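Some structures are shown below for you to check.
Shared between the two complexes below is chain A, which has chain B as its partner in the first and chain C in the second.
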Partner chain A sequence: MTGFVDLFTESNSALHRMDPRVKIASVIFLSLLALIISELGYLLVLAGVMVLLLLIGRASFSKTMFAFSYVSRVMLLIVVLWPIFDPSGTPVLLEFGPIKITGPGILAGLATAVRVFCLAAVWYVLMFTTSQRDLVRALVKLGLRFDYGLSLAISLRFLPTFGATVESIKDAQRARGLELDRGGVAKRARNYLAVLVPTTITALKTADTLALALQSRAYGARADRTYLRELSMRAIDYVALVVVVAAFALPFAAKYLLSMPL
Partner chain B sequence: MESMEGPARPPQSPAKFVSPKVVALYAMLTALTTAVTMTLVIPLPTRGYYNVGESMVFFAAFTFGWRAGMICGGIGSAAADLLLGYGFFAPITLVAKGAEGLVAGILGNLKGGAPWARIAGIWAGGSCMVATYFFAEWIFLGFGVALTELPANVFQVLLGGLIGLMLSQAVAVYRNPRSKQA
Partner chain C sequence: MIPRNRALPSEEKIISVRNLKFVYEGGVEALRGINLDIRSGEFLAIVGGNGSGKTTLAKNFNGLLRPTGGTVRVADKPASELTVAQLSRIIGYAFQNPDHQLFCASVEEEVRFGPVNLGYPEDEVKAKVEHAIEAMDIHSVRALPPHSLRLSERRRVSIASVIAMDPRVIILDEPTTGLDAGETKALMAKVSQLNREGRTVVLITHDMRLVAEHASRVVVMSDGRIVLDSDPRGAFADLDLLRNCSLVPPPVMLLAHSLAKYGVPRDIISPQELVMRIVLGKGDVR
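For the complex of A and B:
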């Protein structure tokens, strides 16, 4: 759980080459699709599509397992806990005291678990196939102000650095007898302080230096700045965008305009 | 509250960008929040981990104002969710931690950051975060999961708030050695 596993994997799959803006739009539309569908069968179909997307994106098996280790726990919790708190429906299977386990309750729990799988998997497809640099670039092209984008890019750049700083300060303090996992809340808080104060002061010093570096490189000198790499939509990207929008819009219309059971 | 604007820009400057000091500071606070959230973790069965990332949200809010608390806390925590593979939680985290930083920053800096203001900030900001997570989990994951998560979130706010409070006072001494706070 600790340490920095970069979810992005270098590869040349169709999803890697896709415009990051289309991928961000796909995440939004496919998430909404997973939220409007409530029938277990259709959700399983959507889950199959997600697995297919992971395969197309050539997701590495170990990273997928790392990411799913948490989601699988949540799915298990939902399947177990949902029927206990959902006494609706007629075929009552079990009853003790106020708790009723019903057939529809169990099905609803399963459907929610599959929905959570879909919601999680669509983010993995994005994170596995898009580098952090491309994500920030896409956000800037989508209208995020350049200076905020720069701030975000810098913070992603410094993330592994600070991670290493935290780890090395933790080791240094441990060597002096610090115990992070003992004692009550107040004692633990004081112990964490021994790690966090040096880390924070390092970060604030870095911020001062960084501000000077930005200024000396004429940050913000011109409003009409140019970019080294431009994003450009290819024909296939437009096709993908249309497919994704249709994949959301058609079931949405079927459910809420034609009131079909989905 | 700390002034975040940096030195005044010369009037002929054509670009309207945030000052480099703010870009650098916010970038560092965001990275710090993400790094602390990801590295200082206590494993748990439900959401996988407790973390002391809360403390960085409160620290940013108390030391640099509500804007820093909202932006760095919200984006830093959401980025940690994304990078750890809890991507679908990132939008919820953005709202929950952003609101926490915003509220803690506004309330915690009343009367120049008096102790009662700080405690009110932790209480109100923490309530925002716990409530956002509770209702979001209720809607998306069901009542049972939301209920099991609740004590973990409350504990995380208490621990994080305490650490954030002490951290902001320790760093205040570093930033202004003549101040009497300790």
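For the complex of A and C:
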């Protein structure tokens, strides 16, 4: 069975206790920050902050390794390919034919790789420290319609179940002599029908049962919903929000208003 | 005692498992050293509580799972050298949930799918499909879409689609879950008929009554090991062992155990047998 990994890890760290709305806002601001900074040195500082956040959020080592195993491949590609396609600047370090490797090209490649790391890390911190339930709750509080929020929550909740069903269906068809990865494109597409049709039907049946289960528990009985768990901003949440906004706004102003090289 | 109309198992080992171990990716040890020979023509029941390793074992027979230790031989060849598709010519596997298998527009197409995959010529496909439809008694629904049928019919279609591949062994994973008593009886009668025709049947189940009435041999699994391997009579004699494996023997067996102090033997496995022992074997009953 190909495992579906829920990145969220139960814990009681400061980041886990932070209001999910603040976390979502922070992730957006820090992502923008990673995009506006282009100097390698500052990006490395930001990357250091990300590592610190991962530590504060007590990210599990194995999940972090799993998450960054994909990101690191992208980073490696960028480091290798960027200098080849970016011949700008001097000094020229190497030259064969049309390919020119320059010092600034290598630095730009490194900077972009670190930027990718920062962008990935900040979203991973959110996923590591925020349960799906809290994420959806925050989105609803930020104005998403409750129905959509619930649909989103249910979809996320059923992803692993669904993955297991698909594996079971594949096994069932392989036991009937189906070889999914044999033959040309058309043959393979037809092969996958044998997986797609039972998957769709099973999913529709599940959805139907689920709708009935929701109705039988009086979903939608009153228009003005009350919530068992209210979100409330604590002082520390406001502080965190101010810090993050400042961390974004100051470099932004420095770069675009004062034209400082960042 | 009760005449049993079933093919005698031959000496040929159709499936032979040595020191089989299986560990799932997450590190769960599902099988911890299984040794088992299944002879051609047997009606073998694999019983045990949820999570005891029944399905994992069966999936190792036909290559859906590959051993992490030990060996599986099928029809005297190492299973590791055969693909799932090649193994499916010898071992048919009907999944617990028929909805995971059915996808065609009509029952007949569904039953054809397997033999066509295996590349049989058209006349053989036709013959095999007819035999399978006959064996599972699904003539009346052969033109209907399988998903429109009731559960007992969908189950029969899914078993028919396996029989149509003409395998020597048929693995049935909890085939009676969700069926009522009448549907269960009808289905098991058809499965017994397949066994009488010489097919090896491997039945995975919790239902000890099915085992008592149909199986020629019972393997009890617990925690990834085989804890008992005997005929049903022997398997039911050890109530403590069954209880430890979350299994309940058939009521008639419990009754026989309660009547043991009046001279009723404990190894009764059917109501008819109990009646015969009490009525005819008066000498035993005080």
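In this text, the second predicted complex is superposed on the first by the 252 of 262 C-alpha atoms of A that agree within 3 Å, B and C clash if a C-alpha of one lies under 4 Å from a C-alpha of the other, contacts with A are read in each partner's own complex, and residues count from 1 in each chain.
What we mean here is this: a contact is a pair of C-beta atoms (placed from the backbone, for glycine too) under 8 Å apart; a residue touches a chain by one contact, two chains touch by 3 or more.
These figures come from a predicted structure and were not determined experimentally.
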Partner chain(s) touched by A:E95 [first = chain B, second = chain C, both, neither]: neither
Chain B or chain C, by number of chain A residues touched: B
Contacts of A:E39 with chain B and chain C, given as first, second, both or neither: neither
Touched partner set for A:I201, first chain B, second chain C, both or neither: both
Partner chain in contact with A:L150 - chain B first, chain C second, else both or neither: first
Touched partner set for A:R176, first chain B, second chain C, both or neither: second
Partner chain(s) touched by A:L193 [first = chain B, second = chain C, both, neither]: both
Partner chain in contact with A:S168 - chain B first, chain C second, else both or neither: second
Intersection of the chain A residues that touch chain B with those that touch chain C: 1, 3, 165, 193, 196-197, 201
Chain C-touching residues of chain A, taken from the complex the two chains share: 1, 3, 165, 168-169, 171-179, 193-194, 196-198, 201-202, 205
Complex interface listing, chain A residues touching chain B: 1-7, 31, 66-71, 73-74, 77-78, 80-82, 84-86, 109, 112, 116, 119-120, 122-124, 126-127, 146-148, 150-152, 154-159, 161-163, 165-167, 170, 180-181, 185-186, 188-190, 192-193, 195-197, 199-201, 203-204, 206-208, 210-211, 214-215, 219-223
Chain C residues touching chain A - in the complex, by the definition given at the top: 24-26, 59, 62, 64, 83-85, 88-89, 92-93, 95, 97, 99-103, 113-114, 117-118, 147, 161-162, 165
Interface residues, chain B side, partner chain A - complex: 6, 13-18, 20-21, 23-32, 34-36, 38-43, 45-49, 52, 55-56, 59, 75-76, 79, 82-88, 90, 140-145, 147-148, 155, 158-159, 162-163, 166-167, 170-171, 174-175
